[in-house]
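One structure, pasted below without further comment.
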Amino acid sequence: MPLIRTTLADKIGTIAFDHDDKRNALGADLIAEVIAALDSFKADGARVVVLRSASGGKVWSAGHDVGELPRADVDPLPYSDPLEQLLRAVKAFPAPVIAMVHGSAWGGACDLVMACDLVMGDETCAFAITPAKLGLPYNVAGILNFMSRLPLTVVKEMFFSANLISAERAERVGIVNQVVPAASLEAETYAMARTIASRSSKAIAASKEAIRVLSESVPINPATYEYLHGLRRDVYFGPDYHEGTAAFLEKRAPKF
Amino acid sequence: MPLIRTTLADKIGTIAFDHDDKRNALGADLIAEVIAALDSFKADGARVVVLRSASGGKVWSAGHDVGELPRADVDPLPYSDPLEQLLRAVKAFPAPVIAMVHGSAWGGACDLVMACDLVMGDETCAFAITPAKLGLPYNVAGILNFMSRLPLTVVKEMFFSANLISAERAERVGIVNQVVPAASLEAETYAMARTIASRSSKAIAASKEAIRVLSESVPINPATYEYLHGLRRDVYFGPDYHEGTAAFLEKRAPKF
Amino acid sequence: MPLIRTTLADKIGTIAFDHDDKRNALGADLIAEVIAALDSFKADGARVVVLRSASGGKVWSAGHDVGELPRADVDPLPYSDPLEQLLRAVKAFPAPVIAMVHGSAWGGACDLVMACDLVMGDETCAFAITPAKLGLPYNVAGILNFMSRLPLTVVKEMFFSANLISAERAERVGIVNQVVPAASLEAETYAMARTIASRSSKAIAASKEAIRVLSESVPINPATYEYLHGLRRDVYFGPDYHEGTAAFLEKRAPKF
Amino acid sequence: MPLIRTTLADKIGTIAFDHDDKRNALGADLIAEVIAALDSFKADGARVVVLRSASGGKVWSAGHDVGELPRADVDPLPYSDPLEQLLRAVKAFPAPVIAMVHGSAWGGACDLVMACDLVMGDETCAFAITPAKLGLPYNVAGILNFMSRLPLTVVKEMFFSANLISAERAERVGIVNQVVPAASLEAETYAMARTIASRSSKAIAASKEAIRVLSESVPINPATYEYLHGLRRDVYFGPDYHEGTAAFLEKRAPKF
Amino acid sequence: MPLIRTTLADKIGTIAFDHDDKRNALGADLIAEVIAALDSFKADGARVVVLRSASGGKVWSAGHDVGELPRADVDPLPYSDPLEQLLRAVKAFPAPVIAMVHGSAWGGACDLVMACDLVMGDETCAFAITPAKLGLPYNVAGILNFMSRLPLTVVKEMFFSANLISAERAERVGIVNQVVPAASLEAETYAMARTIASRSSKAIAASKEAIRVLSESVPINPATYEYLHGLRRDVYFGPDYHEGTAAFLEKRAPKF
Amino acid sequence: MPLIRTTLADKIGTIAFDHDDKRNALGADLIAEVIAALDSFKADGARVVVLRSASGGKVWSAGHDVGELPRADVDPLPYSDPLEQLLRAVKAFPAPVIAMVHGSAWGGACDLVMACDLVMGDETCAFAITPAKLGLPYNVAGILNFMSRLPLTVVKEMFFSANLISAERAERVGIVNQVVPAASLEAETYAMARTIASRSSKAIAASKEAIRVLSESVPINPATYEYLHGLRRDVYFGPDYHEGTAAFLEKRAPKF
């Protein structure tokens, strides 16, 4: 039984998370379906894709399925991690991907929103990046994804406090392009999609790729990278990652 | 007959576009006059320059003169393009250049505003970057000019939708420093200019140049650059650029 | 007699400037105390530090003690400058540092706020970067510190005009995370501090360091750097630096 | 009739140019065969590939088929150029490629040798890079390929004089790993191939890819790249490229 | 019982490996002694350090103690690895370190020689980098250490074949500064050390640090780095690393 | 009375140092003449320039005129230093510059040779970089100029020992393109010059500029650069620079 619903009409593809009992968590199965849908849309020449929740529930997506995170002593966010694959697939998709966000996006889902090209939200949208609650050292490319989007102080507030950013603030700090009333979110999102679909898809694809390259271009030396990776490694071999994930699964507050 | 008007008083230079019947389009002739004015102001020790429209019409500038764009199969935005020369002249000018924007700035004119150091606007100011309507692959340095200024999602919305950004939003996302009522735009702009002119022009020149270098410093490898240029080349050798420019000149919607 | 007051409670350290008759200027003595306090907090495992003014006066800090700036013909902001050391100490501190700003922050103090991880302010907070008034060529790393935080047009307005940015605008452009009423500034700041202290300090430390590295990563070639340094050198060997600092100490307007 | 011969034995693939009447020129047809052979070897798990000439004639390969070079006014070395595709295929091949060079390698063939991982030659091997004779502006990534291999003065001598570098000097300056007598070239080359094939192919593939990334990592800003591309463009739109290619095809000396 | 011998005379420090029965393998204990010796020399103001083998045996150092390498499924060369610490200590030492090499240097010892500032060798010196025999994916900073020293084709030959480079070739390709007869190696090395000790140690320290920074400056994007690390990870989680290390310890040829 | 002799024939310019009693030291006057000659050759369309000594004496050039070096407490190698200007003029000259070296090149003259495109020498040529004898901290761009040319161990040996590199070794390590007998140096140099002059000067100019950009592209962060500059500053404000220059002028050995 599929975990997402997809449609393609007028060159506009739609991918809707449809896994309410897991609060649309980004488990490996759901991610595989999303990547397959993107591949299919690409083959069919979609000129824009809308990424949304099917149900309109309170949670747009709960993010990583914490139960699927690797055990302690292993990097929880390696290059081959399914979510990492999804983020790359969205960024490399040759047409704009619009996140249409009703409800809250947590952790990896927040990172996914940041990987989308445009973000349309309503008054219920909210965003939190939660690794500081899990004792999980976020990967450098993931941190950069946020830094390429948001003011530095906001990035730090999000990563250090793990607090939820409300819709009003999300618009002000640039997480979303526009916050519109919930009743018109769908209409506004698809209006934007239709506009984009009417433009030159070739010119858009070339500029999306240039923007991707430029926004990822924050080069650091190998020695520096290995130092940062060493800091991360000390965390995932240390007690915080164990305690944070255990507490989450036991639905209790962690003791760091 | 000149296409611009210039004055220099109290170390404040003013360049006013004055070519209403072409909606102040940035044709080669007008650009040559602007560059000459900048050279002259530099020689005369101007400490700040205001770039404005003379007429106060609805269009600050229509941007590239599409009729002057090169034919298909040739890069429409080479290094030697007059507009590219103008953008470099503004960035290299050793004193701040303030764009005073009443009305709309389109395409290349929008890029020009982004090349200015400060932007003062009123409630009529509006900004659109239009290559996706022309099927024109924008150059990488030009895209970076927007990325160095604006939140990433806004850059993408502008490049992918080609929609006009209103004054209110332009202030919120950082295109303009301040939006003031039309009646006081001139007064506020020149007040800012006088303040800047009273400061140490040498210290300002050194910091403007450092900011230019730092903001352009998004280094990418030659192999990557040639890949991006190859994507652009496929567009200007392909059908979209031909159709987009033809439709524009025929005043019809393009069929991409 | 100490120039600061410090406390550490519940893993939250507080450093309060307490030098009213110098308007909390960042002189070498005060800086040495702040750095010592940071070292001590680090040894004691502080999970967050609040940096504030003790008195609640109109000036949070006046910035560099201009009387301590080096004579003309010498770089006023070398690597070993006490303020430069303080900025590095704040950035390298392995836990978040929150600037709690009541009143105005001038020059070097404005740079210090930009070096903090989060900024909480009230309606009196205001920020100005003043080297253009002193004829002082700011150092490249310092300019980058502002560019990594603020929209480019705001950076330029601040450096070129030396004008004060008000609380309302400081929130809009991203200098502060939140502006709250003066009466609740302390409560809100320490609430944020407690939240951060409850998270995984190890995961936060690793991400703070990654963010620091990424935000400082704007690499430029040695030849370019030496060119920029040459521009600065021409200013501090030239008349503007002499006139600007003299005028400041004589409490008169400089004649540039 | 194929223009190359291929074999695969003991995990060692061999690709031999076999187009004597065109002096093994790297025309689009021959290149397509080589790329197809590499794809096939990759699928079959080859652990090393030897690239050689079948005939043992005086010319290892004449390089670009000048008759296939684009007309004037078009970039002769775009990203999609067949030779550029071949160079990328060799560099991206997940196992070492050894150039076994008997005879001379000209122009594009010289670039191809530089793209191989190891180079074994005999006393007849010789190397020239000839764009200065054709009035052809070489692409930046291509120049970097030489710079990543050879001392800077040698790169300049080769590009500015277009002179042939002899076997003895090629060994001294690092073009070839080893020069051995012609009679033992094949034996020595395949001995090296067998050694490599006995090692961990996975560890080798990972290090080859890291070396590729590091050696291509000479990042430059978009503005700088567009300036360099502008210089190249002035050449291929100018008289030298027309005269150089015409003279070559007419087998006469060019008059620059 | 110490594993090294140290002396300091005339500002020249000497560290001699003295662990013949382990062939001077770079185990954690020996490394700790070397780092402590460097710290002590630094405190005592040594102006140059000579790194040598005490015994003059056939092996200068066998490199990593393979028995100490981490088990499969863990990165064998993390940032905190003792050898990595030693390499950084040598590079950061504020005076030149001269490797005086009699005999062969294997694997990590070969990397150590590359980390030294100058290399003096005699006719017995020889160098091999052996991870391709162990199925061990070398770290990116380590590969760069070789690339900053040696011609690219030589780096590839060494990493892909794991063959030993002889003294004669080591001098030609730039591994050693000078190969001298074994009888005069000590005399020549200390003559060089005395010359260096007579120069301005402050000027030397500043230039050594600049050279270190410049030679490590090959910046790559986080996304690219994580891709390369992912390739390495696939190797150390895969069969080759297990087989390679097992075969080594069992003194048999590995079957990859 | 001019300090150089110049000729231009067959598009080949020659600049000969002719200041024997100062051993062709690179004083400000001589440098001004060389730069003027380059400007003149550029205006006249020279396709190659030969830089040589007129007299054929034992010293090609003594380098910096130490008597002209700035006093202590000031950077001895600022961007505006005449020699720095000369090095930039040679690198920016739009045609190859060949150093024809008979005799020894010291300090700044050695740097100048490294700035030339090709180097032809005879058995008397020799090269030393001497700042470690003067207690002078070399500038970062200058160190990079050597690193872009020579093997790293050789750069370190030269900077740390200040020893002279002989002709034989200079050829082996890549300082010179070719060492030829003194009797044929002139003939061989001008033969090379004629070959270059016969090629496409436009294609050569474009590739020279690309090579310059690529070879200078070793980007480092502002914070890192300021750290390195701080190390240099500690030296030129410290005792070694004072003692080194004083000893040189007093023709005695320095006591560091």
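Think of it as A, B, C, D, E and F in the order they're written, each chain with its own count starting at 1.
Convention: a residue touches a chain if its C-beta (ideal position, glycine included) is under 8 Å from a C-beta of that chain, and two chains touch if they have at least 3 such contacts.
These numbers come from a predicted model, not from an experiment.
Engineer: Copies chain C and chain F touch; is their interface built from the same residue numbers (over half shared) or different ones?
Structural biologist: Answer same: the two copies use largely identical residue numbers here.
Engineer: Could you tell me which chain lies farthest from chain F when each chain's centre is the average position of its Cα atoms?
Structural biologist: Most remote chain from chain F, centroid-wise, comes out as A.
Engineer: To lay chain D over its twin chain E by CA atoms, how big a turn is needed, in degrees to the nearest 5?
Structural biologist: Between chain D and chain E, the superposition angle is 120 degrees.
Engineer: Between chain B and chain E, what's the gap in Å when you average each chain's C-alpha atoms?
Structural biologist: Taking the mean C-alpha position of each chain, the two centres sit 54 Å apart.
Engineer: Taking the mean of the C-alpha atoms as each chain's centre, how many Å separate chain A from chain C?
Structural biologist: The answer is 33 Å.
Engineer: Which positions in chain A touch two or more other chains at once?
Structural biologist: Only 140, 144, 172, 214, 217-220, 222, 234 qualify.
Engineer: Quick check on the complex: what are the chain A residues that touch chain E?
Structural biologist: 73-75, 78-80, 84, 139-141, 144, 216-223, 225-227, 229-230, 233-234
Engineer: Would you tell me which residues of chain D are touching chain E in their complex?
Structural biologist: Going by the criterion above, the answer is residues 96, 117-119, 148-150, 172, 174-177, 192, 195-196, 198-211, 213-215, 217, 219.
Engineer: Which positions of chain D touch chain A when the two form their complex?
Structural biologist: 214, 217, 219, 222
Engineer: Give every residue of chain A touching chain C within the complex, in rising order.
Structural biologist: Touching chain C: residues 131-138, 140, 143-144, 147, 151-157, 159-163, 172-173, 218-220, 224, 228, 231-232, 234-235, 238, 240-241, 244, 253-254, 256 of chain A.
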